[in-house]
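A short worksheet on the structure shown next.
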Amino acid sequence: MSFASPGEFFAMGGHGLYVWLSYGAAVIIVLYNVFAARHRQRRVIRLVGDRLRRQDAARRADAAPPQTVEATGESIRS
Amino acid sequence: MTVKELWHKLGSPRWFYGISRPLGLVLGVLAFGLLLTGTVWGLLFAPADYQQGNSFRIIYVHVPTAIVAQSVYMLMGAAGVVLLVWRMKMADIVLKTAVPFGMTMTALALFTGAVWGKPTWGAWWVWDARTTSMLVLLFLYFGLYALRQAIPRQETAGRACAVLAVVGVINIPIIKYSVDWWLTLHQGATFKLTEAPAMPAEMWLPLLVNVLGIYCLFGVTLIGRMRAEIVEREQGTQWVRELVTGSVAGGSGS
Amino acid sequence: MSSPAALFAAQFRRELTAALRSLQEALNPLVFLFLAITLFALGVGVEPQTLGRYAPGIIWVLVLLSNLLALEGLFRRDFDDGTLEQLVLLGQPLFLPVLAKVAAQWCLTGLAMTLLAPLAALLLYLPAEALGVTLLTLLTGSPALSLFGAVGAALTVGLRRGGVLLALLILPLYVPTLIFGAGAITLAMAGVDVSAQIYLLTAISMLSVTVAPFAVQAALRISLEQS
């Protein structure tokens, strides 16, 4: 341990501003990258899922008489 | 599995999507563990530098980000070659999804370099060889990003970016060399930030840990972005259809 | 089938003729160069010592920018009227036609700027002893500008607003040429031998002659497939 007290640790021997500015920016950039990647995955899966389900629904509505729409649970191959 | 088989599998988005989940989890755990260890070690336990005092601890952010930023560009150059020569779809996905990480890391390296420069040199910005090279690298990243945005057709954009990335990678060593020479012309031998003579082990070990950690972090975010890109591009295929519509009830969270 | 040299010569002549027919367009970058030099003199001040000290950098930066202006039109006309497409459809390597095109463009930019450099040096109070080196750096360095620039021009030729993008793509690649070019002149002003820098500029130009035409060829094919 290079520091005797928490106060000394945060002061960083007078260079606290610079050290914490650097580490703060690093944390922000790292978190941004992690969450941007996660967010994009979820969003793409949701959007593409919505689109394909809409397509399926439209195709079913075209292909079958209206009363059987709920019965087909599986996706239709084109 | 022979190398050739692996090569063919690497070209398959579906195969990659399958293995990328466990791979991403492992890399995620590694990245978290390594970065936490390296950072706590560097901040709390590494000794202060005899010349720079505690501002030296910025090294544990600055150097790993700078290294990974350059490696990412090299990787994009390699992906560019693969895309142009073998027209491998996955190479274009890498080429596209690696840009945000590389760009933000270059910016972070520049920022931490500036913040480090203030207590060390007394100025926020010094035209040091490394910072100048990083600045040019940032512009190279901007160029790739802008070119991708400017071309509407995806396949065309990918191959145009591949050409640019390859030309950029060829130029990077020349740029670095020229900037080094330029610096000797305009200022004498300056005190370099990261060139402590014979850094003791307790100083460079945490650095090594953080460098490994940030590579793992790159792996995790790249895999995450690639998975999203794969789903988007392969949405016409049966397996993606089953993935995004069939397994909704079972949960397709991450 | 004609020999490569004849093919190159024919293409080169065609390019030069086309450029000379629209002389105004070919002259614009050169006019821009001197206009910008005037602006620099007005902005920096006309004290001979100050201006002379910055002259190497000013000359080289402005040569880069003037080159950039000329690049935008490098493939534009051939792209618009379909010549480029015919060239690609021939199925032969584009190495020679591309090289001829860039060579013709270089004559009108790099070479022309080298020939006009004494005038620029005069306007910027560049010390007379550095004039020879200035011409030499421009002569050896500018081919790389045209060649790397052609890659950017080929990548952006199909885009409607390629201008700023072209600058963004190409200027980072110009960094080494700028550094060695301006650096050599600065050293020459101090009376230092600069043959190493001249060799380096030549090496960069040689590298770009071998690499850039292939990149241009690939980029042109890519640009054509999107239109």
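Here the chain labels run A, B and C in written order, and each chain numbers its own residues starting at 1.
One rule holds in what follows: a contact is a pair of C-beta atoms (placed from the backbone, for glycine too) under 8 Å apart; a residue touches a chain by one contact, two chains touch by 3 or more.
Note that this is a predicted model, so its numbers are computed, not measured.
Chemist: With centres defined from CA atoms, tell me which chain sits nearest the overall protein centre.
Modeler: When every chain is reduced to its C-alpha mean, the one closest to the whole-protein mean is B.
Chemist: Could you find the chain whose CA centre sits the greatest distance from that of chain A?
Modeler: C
Chemist: How big is the gap, in whole Å, between where the Cα atoms of chain B centre and where those of chain C centre?
Modeler: Between these chains, centre-to-centre, one finds 32 Å.
Chemist: Taking each chain's centre as the mean position of its Cα atoms, how many Å separate chain A from chain C?
Modeler: 45
Chemist: Nearest whole angstrom, what separates the Cα centre of chain A from the Cα centre of chain B?
Modeler: Spacing between the chain centres: roughly 19 Å.
Chemist: Quick one: in the complex, what on chain C touches chain B?
Modeler: Contact set of chain C toward chain B: 148, 151, 155-156, 158-159, 161-162, 165, 168-169, 171-173, 175-176, 179-180, 183, 186-187, 200, 204, 207, 211-212, 215, 218-219, 222-223, 225-226.
Chemist: Would you mind writing out the residues of chain B in touch with chain C in their complex?
Modeler: Residues of chain B touching chain C: 84, 136, 139-140, 142-143, 146-147, 150-153, 156, 159-160, 163-164, 166-168, 170-171, 174-175, 177-179, 181-182, 185.
Chemist: Considering the complex alone, what residue numbers of chain A touch chain B?
Modeler: Chain A residues touching chain B: 1-3, 9, 12-15, 18-19, 21-23, 25-26, 29-30, 32-34, 36-38, 40-45, 48-49, 51-53, 56, 75, 77.
Chemist: Using the touch rule from the top, collect the residues of chain B that touch chain A in their complex.
Modeler: Those residues of chain B that touch chain A are 35, 39, 43-48, 53-55, 57-58, 61-62, 65, 100-101, 104-105, 107-108, 111-112, 115-116, 118-119, 217, 220-221, 223-225, 227-229, 231-232, 235, 238, 240-246, 248, 252-254.
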